[in-house]
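Dropping the structures in below, format is structure tokens.
Heads up, the next two complexes both have chain A, just with different partners, chain B and then chain C.
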Partner chain A sequence: MAELQHLSTHVTYADITGDTAIFRLKDEIDLHTSPDLRTDILGALTKGEVKKLVLNLEKVPYVDSSAIAVMVEALQKLRKAGGKVYLTNLSPRVKGLLEIARLDSIFSVVANEADVAAS
Partner chain B sequence: MSDIAIKVDHATKRYGERVILDQIELDVIKGETLVIMGGSGSGKSTLLRMMIGTVPVDGGNIAVMGRTICGLSTEELSEYHKSIGVLFQSGALYNSMTLGENVALPLREHTDLQDETIDIIVKIKLELVGLREHTDKLPSEISGGMKKRAGLARAMALDPQILFYDEPSAGLDPVTSAEIDELIIKLNKVLGVTSVVVTHEMDSAFRIADRMVLLDRGKFIRCGTPAEMRASTDPFVKQFINGLTEGPLTERRQSDEYVDDLLDIKV
Partner chain C sequence: MTTPALRMDLTSNPAEIASARKSIEAFAGAAGFDERATADIGLCVNEAIANIIRHAYGSAKDKPIEMHADMVADAMMITLRDWGNGRMPDLNKSVDPNTLCPGGLGLPCLKALLDGLKFEPQSDGMLLRMTKRKR
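On to the complex of A and B.
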């Protein structure tokens, strides 16, 4: 297990165990805060052999396009290694945004973190 | 927290002696799509521009998200403009830039986002309006309807919570027009975006509106839901929404100072 240090204020918990990196996020993520989140997430992908990135958005009521772009960029990097990005605990609004952007199918949307292992 | 996105409080606009908008009172509720209707010279576009802050208010006030937009400094107005999206009638694209560069422009100018992030956002926005495969084209290489859709992608670049549309359906074929309407509805219903739409296309107005406002010669005539407007017995409303050739709008046109005008010329 590798705890990640000096993370942005949107990250309440982060952990890398084996090939899985988990980030639990909070609050609205927008143009002002997504650059820090990008640094955290892309930074984590360079550690070890991460193939599964899990973003738990239970406490995130809204994300804007810049946050979605960070998720897409993470997916671009992981796909090259055959990895996936799992999004869990999505609010209806965030889910709606992904649907509008026609991105709901490129991510692995699951109900909660426990479902990642099962998927 | 107030549920009012925009408060138009006795807003008046004059050009010289001529009153363009006369003490308009109107609230736009957060998350609704409000359609402003009216014939030529009704003042609907002026009202939209006053809400956007590009035409100064001569009397009364307009507040957006609780803050007045009247009497703002250039810097304050620029800050306000970052928080809203505007789809201009022509699309208002920069002709020397590709569609992708046009959409990226507000992101490059107003944010610290990395190029990789901006590139993805541009693709998402252009996909939303069905133009992703035309990212590298110049505005001169695409049709008027496509320009309008590209303008909408740019208006949405910064994910504004309020979007203003100036005649979004004008000049579009019925299918493209319906697609734009569908997008306005989705942004509104799913993301809670507040939309203010100026249009005289009745099909589109009834498709997208939560509420509608009718202006005539700078005066507020009526505001209501589409069902209320359809049921209205107000002769102005009835004539306008049904496109009738007989009614107060045409009667006035027939009697309007025309004879005086002609006689004056003869004198």
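On to the complex of A and C.
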């Protein structure tokens, strides 16, 4: 397990085991807070051989397009290594924004973290 | 009974986006918009202010933004005034999922969720008019 230090307050849990990085996030994420999240997530992708990034959004009631942009940037990086970004536990509001932005199909949206292993 | 107009004087500090969004959502709820439309209005204000901060003010945090909202019949009229570079956005730009570009998602959201969207360049900035009707 890689060590992840100095994470933003929006990260309640982070772990990298093997090729999988898991982030459990909380609270609303907008232009004010997404830069810290970007640092956390893109920083994790430089550790080890991450090919699966799992973002658990169960405790995230709201995101704006700046948060979606962070996810897209992570996906850009992972795709170069043949990887994927998994979004789990999406609220209807977050799912709705992905649909509006027509980006719901580029991520692997699954119900929960357990479904990532099965996918 | 009419809903009193909402006016907020903001700065371009991203920390103020959440309070602007929550204020406009409370205003929309009081005006009788349903939960979905209220959330859409909040997101549009969020995205519009974020665009002003990033593009009109180049991410400076101390510039003024005025927000005004009022109900006219069954429509909410929202204006956002800034004193930035006054540059018109490319309204024809759309999101192409295949290109995986992290930026440029805000404007497509505004176009998808609003009934009216008009950028009026001013001599010293921009006036953005947004309209959302009750269904």
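Methods note: the second predicted complex is superposed on the first by the 118 of 119 C-alpha atoms of A that agree within 3 Å, B and C clash if a C-alpha of one lies under 4 Å from a C-alpha of the other, contacts with A are read in each partner's own complex, and residues count from 1 in each chain.
We take it that a residue touches a chain if its C-beta (ideal position, glycine included) is under 8 Å from a C-beta of that chain, and two chains touch if they have at least 3 such contacts.
Note that the structure is a prediction, hence the values are computed from the model and not measured.
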One more residue to check, A:Glu28. First (chain B), second (chain C), both or neither? second
Touching A:Lys47 in the superposition: chain B (first), chain C (second), both, neither? neither
According to the stated criteria, A:Val72 is in contact with first (chain B), second (chain C), both, or neither; which is it? both
Where does A:Lys59 make contact in the superposed view: on chain B (first), on chain C (second), on both, or on neither? neither
Touching A:Leu97 in the superposition: chain B (first), chain C (second), both, neither? both
One more residue to check, A:Ile106. First (chain B), second (chain C), both or neither? second
If I apply the document's touch criterion, which positions on chain A are contacted by chain B in one structure and by chain C in the other? 30-31, 64-66, 68-70, 72-73, 93, 96-97, 100-103
List the residues on chain A that touch chain B in their complex, please. 30-31, 34-35, 38, 64-66, 68-70, 72-73, 93, 96-97, 99-103
Chain C partner contacts - residues on chain A that touch it in the complex: 28, 30-32, 64-66, 68-70, 72-73, 75-76, 79, 93, 96-97, 100-103, 105-106
Residues on chain C engaged by chain A in the complex (per definition of touch): 13-15, 17-18, 21, 39, 43, 46-47, 50, 53-54, 95, 97, 100-103, 105-106, 108-109, 112-113
So in the complex, which bits of chain B are touching chain A? 111-114, 116-118, 120-121, 124-125, 127-128, 157-159, 186-187, 190-192
